[in-house]
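Both complexes below contain chain A, partnered by chain B and then by chain C.
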Partner chain A sequence: MGSAARRDGRTAIQLRPLACTRGLLNRAHGSARWSQENTCVLAAVYGPKSISGRRENPERATIEVIWKPKSGMTGNKEKEAELVLRRSLDYIIIATLHPNTGMSIIVQVISDDGALLACAINATTAALVDTGIPLSGLIAAVSCGINKEGDLLLDLTKSEEQEAQAHVCLVFPNRPLSMKVETSIKSDDEPVEHGLVTSVTCGAMSVDDYLSCLDLGRAASLKISEFSRTSLEQSQRAVELVTPT
Partner chain B sequence: MEVDEKQQTPLPFTGEAQLSPLVSQIVAPGDIVLDLTTVSKTLRLGSGLRQDGGSITVMKAGRLRYSKPNKLWVEGSQRRYIPNIEDVVIGIVVDRRFENFTIDINAPTYGILPVLAFEGATRRNIPNIQVGAAIYTRVVKAHRDINPELCCTDASGKSSGYGPLKGGYIFDCSTGLARALLSRPTCPVLEALGKSLSFEIAVGLNGKVWVNGSTPETIILVSNAITNAEFLTPAQQHIMVQKLLQNIQ
Partner chain C sequence: MAASGDGGADMEVEAFRRLYPARFYQRYLDAAVRPDARLLNRARSTSISLGPVPTADGSALVKVGNTTMLAGVKLEVMTPSSEGPDLGQVVVEFHMPPICSPQSRPGRPAEAACTITEQLTNALKSSELVDLHELSIAPGKAAWMAYLDIYCLDADGSLLDAALLASVSALAHLQIPSVAMTEEGTVIPALPETGISNHLSNDKHLQQPTVSEQRRLKLGAIPWSLTCALYKKHVLADPTAEEETVLHTILTVIIDSSGRLVAFYKPGGSIPATTNIIQECISLAKRRSKELQRSLDEAITQYESET
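After this line comes the complex of A and B, so read on.
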């Protein structure tokens, strides 16, 4: 790891401060705003709701993602982001519980200072939890990259992304609280968080570098899921204040 | 065995061993609350939980609740309503067909209310309900593949409060707030309002509240008080209601 501090004073593997607000939009069925210092994304979820006959699927809900950039027309970059987001969320949404319905996820970029896709995935996961759509688990996204000197960096800012040799957005499943009794020898199940849901690379890096990025990203995703859990508990506690228990 | 090490608050004393250490804790989607190999009895799973092979997993965020002898569920609060049997809901008529009314109950699909599902309704004497009317009704059939079916009589055929709601004002709230408004003992905000104002209220578990009063000021005050009460403790609710009442005196 390089010893030179980054432009904003962080170490190579330090994440930017995270902030998450849930349930902030009045009309959406669920919403969340996730910011990683200067990168901020607002996600709104509508659904499950009825949709027109042509798009109806009698076995599962139809999920659509709409990505709105901060300014300018939507183009191919936005379509690619929508596709990546939809595929990642397909992993956690239990769509078979609401057949013949549709779910719309709208992502609005508020500010972009690097790690935009990761921020958007974190925001939409929080928004889905806020809506109450049945999920099989949670995911956490982190961006990782290699700069020209060959150092591994975590959570790149926009300038670092532009100067990097390569950067990748990695999405890992969260580690859940588990009451499962570990059966000793027979389980060859690796812990859930050892899986990888999505990986989107920009630029070329060597295989060894990529594997190091995976390890780094996995450790960082644990911190992100811890933060997400704390934020979830706080928002749930706020909701329960109404009745004296 | 991975145990929740963050558990700081003591669990309420039940006199018997808890089914799972996560009961009365806030759980997130993906949490495994129970390993079925450790349990020998039949469990009834409520909303927010599903069986995933040999374990019970959480689907929705909320607080895990357990009621003896065998009911386990997650209590969360959403803006969207998922229909369950025997829930009372407030719906708005969207369409009128020969056999059914189509009702919007804030759920993924519209509800169906048979034209004859009213007290004393026969083919010659069907209720005169127009599109746009509000109806207080209960859910009799709810399954993920069908439109929920509603009914405006109770099990014995009497109307007992169900039926169209005349006048008044309907506003939205979350399902958690609706449950709190319907629970016993009376919700603090309703108690505080009831001491000084007289009004009629109907609460649907689908997140809709109907309020009627003698003057528009009463209706607006009651609906504002209920909407504001969502994130307040009981003491704060009393203070908030007093402040609102001062404004109209």
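After this line comes the complex of A and C, so read on.
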């Protein structure tokens, strides 16, 4: 199964090359561009900043996500993506640290060749890291699908998504390194990074297929978190080199 | 009520519920019951009635606890697109009018309404409930466009479950009228074959064979949905609006009648779902699907015995 070559020459469980650049935008408090080959998303974070009126919450920061499609108007799909992004980021943003403030997260789709939601979640996570606000951890998103022949695929392209029987965007927490992620549900047998933060499915599949998608996605999310950590550490090292001794 | 530094030792229950909703729920849930006396894994009682809107081609009113949904299907004739000359179309829209909850305001549809519309469209498409070939009248010339509108009348949590049940029931109630096609290619309602009104109607119309008889829409695998809220290691089935605001982490499982997973929709939240929780949610959804199937079957038998 793993050897079945795909149209772009990848194996079934191979991810596309990842690239991540931080701090591209001058005015934004944090920004990042994340690309998975031809899928590319630019994310910017403004905040914590003051907001006015009804939206102000004395207990926590108000988070808004604005999803800008590559072209056309914002429709139901974009609204749904905004909601999924906001709720997923709720898992890592410690909103109670910044009461009475607001945070705007803007996602601009640059190009879409499948796995768009996963790419956007990874981009906003990177942008949040760039902002420098405290986070309770990192999350990694991956898209996983099952084609007509019943083979599992990772990181689907647009054409593969259209042909697939079903595909799903999965988000897992990063394995905590130094800090302890406080979760009330820490079970005795499963580590934190096995918990599923977000799952958005499209198409129908059997329950067993979904569970195998979960296993595969979990393994892939480790690779993605590893990448985002390395790229984060590299950029930190770059800063260290610049600072005069 | 044990005093635990919340100053609530001699507070009235209703006041405690409003002031400390999280703590109020915590006390119930730790004892594995809910304020409305349900067990954690029990859904609210559900009722379906078919055909409440006589002007619609298919309609249903669904109540899940207090959550009330009215769904209607209206058929219109359209010219099919060139990519699918023998395909009809189903357009879903979910409305949250200001009457349904204090949060919804008139004007542009709220984010929640857009999301549920998207979820419903996705569930109907993924489960292949409606075979779009069924909605064809004459390939390349005419097909049915079905507008499925769901109105939320009372939003008391688990909106997607009730909306999907209402959609499915309205489609199960849908009668496709019998139509004929004239030589010019326009679709007209077929005349009843009584022969009495012959002289009144145009002869040309009578010569036209009826292209489609009045019929029920054949449904494929029916999607059944169950929303769950997560609290610590517990799974609460079918949460109310109050439970949804207190517990934050909500997920929806949609299973179709052949046992396939149509959607596992978990939009984030503060509690990640472990494999055990995922499996528990799926098995709860399977059990719920049998209950809902029974309710719908009963509603159909009742409706048929009345007409």
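Going forward, the second predicted complex is superposed on the first by the 227 of 245 C-alpha atoms of A that agree within 3 Å, B and C clash if a C-alpha of one lies under 4 Å from a C-alpha of the other, contacts with A are read in each partner's own complex, and residues count from 1 in each chain.
The working rule: a residue touches a chain if its C-beta (ideal position, glycine included) is under 8 Å from a C-beta of that chain, and two chains touch if they have at least 3 such contacts.
Because the structure is predicted, anything quoted here is derived from the model rather than measured.
Participant: Would you check which partner chain A:Arg229 touches, where first means chain B only, second means chain C only, and both and neither mean what they say?
Facilitator: Once the two structures are laid over each other on A, A:Arg229 reaches chain B alone.
Participant: After lining up the shared chain so the two structures overlap, which partner does A:His29 touch, if you call chain B first and chain C second: first, second, both or neither?
Facilitator: Only chain B is touched by A:His29; chain C is not.
Participant: Look at A:Leu83 in the shared chain and tell me whether it touches chain B only, chain C only, both, or neither; answer first, second, both or neither.
Facilitator: second
Participant: Quick one: is A:Gly132 in contact with chain B, with chain C, with both, or with neither? Answer first, second, both or neither.
Facilitator: A:Gly132: touches chain B, not chain C.
Participant: On the A-aligned overlay, A:Ser206 touches which partner chain: chain B = first, chain C = second, or both, or neither?
Facilitator: Once the two structures are laid over each other on A, A:Ser206 reaches chain C alone.
Participant: Could you tell me which stretches of chain A are touched by chain B in one complex and by chain C in the other?
Facilitator: Common to the two interfaces on chain A: residues 173, 192.
Participant: Would you mind writing out the residues of chain B in touch with chain A in their complex?
Facilitator: Residues 1-4, 20-22, 26-35, 37-38, 48, 50, 52, 55, 57, 59-63, 76-80, 82, 108-110, 144-145, 174, 176-177, 180, 183, 187-189, 229-234, 236-237 of chain B touch chain A in their complex.
Participant: If you look only at chain A, which of its residues touch chain C in the complex?
Facilitator: Touch list, chain A to chain C: 75-77, 79-80, 82-91, 166, 168, 171-173, 183-185, 187, 190, 192, 194-207, 209-211, 214.
Participant: Residues of chain C touching chain A in their complex?
Facilitator: Against chain A, chain C makes touches at 111-112, 114-115, 117-119, 121-122, 126-128, 230, 232-233, 248, 251, 256, 259-279, 282.
Participant: Once bound in the complex, which stretches of chain A touch chain B?
Facilitator: Contact set of chain A toward chain B: 29-30, 47-50, 92, 94, 97-101, 129-138, 173-174, 176-182, 192, 229, 232-233, 236-244.
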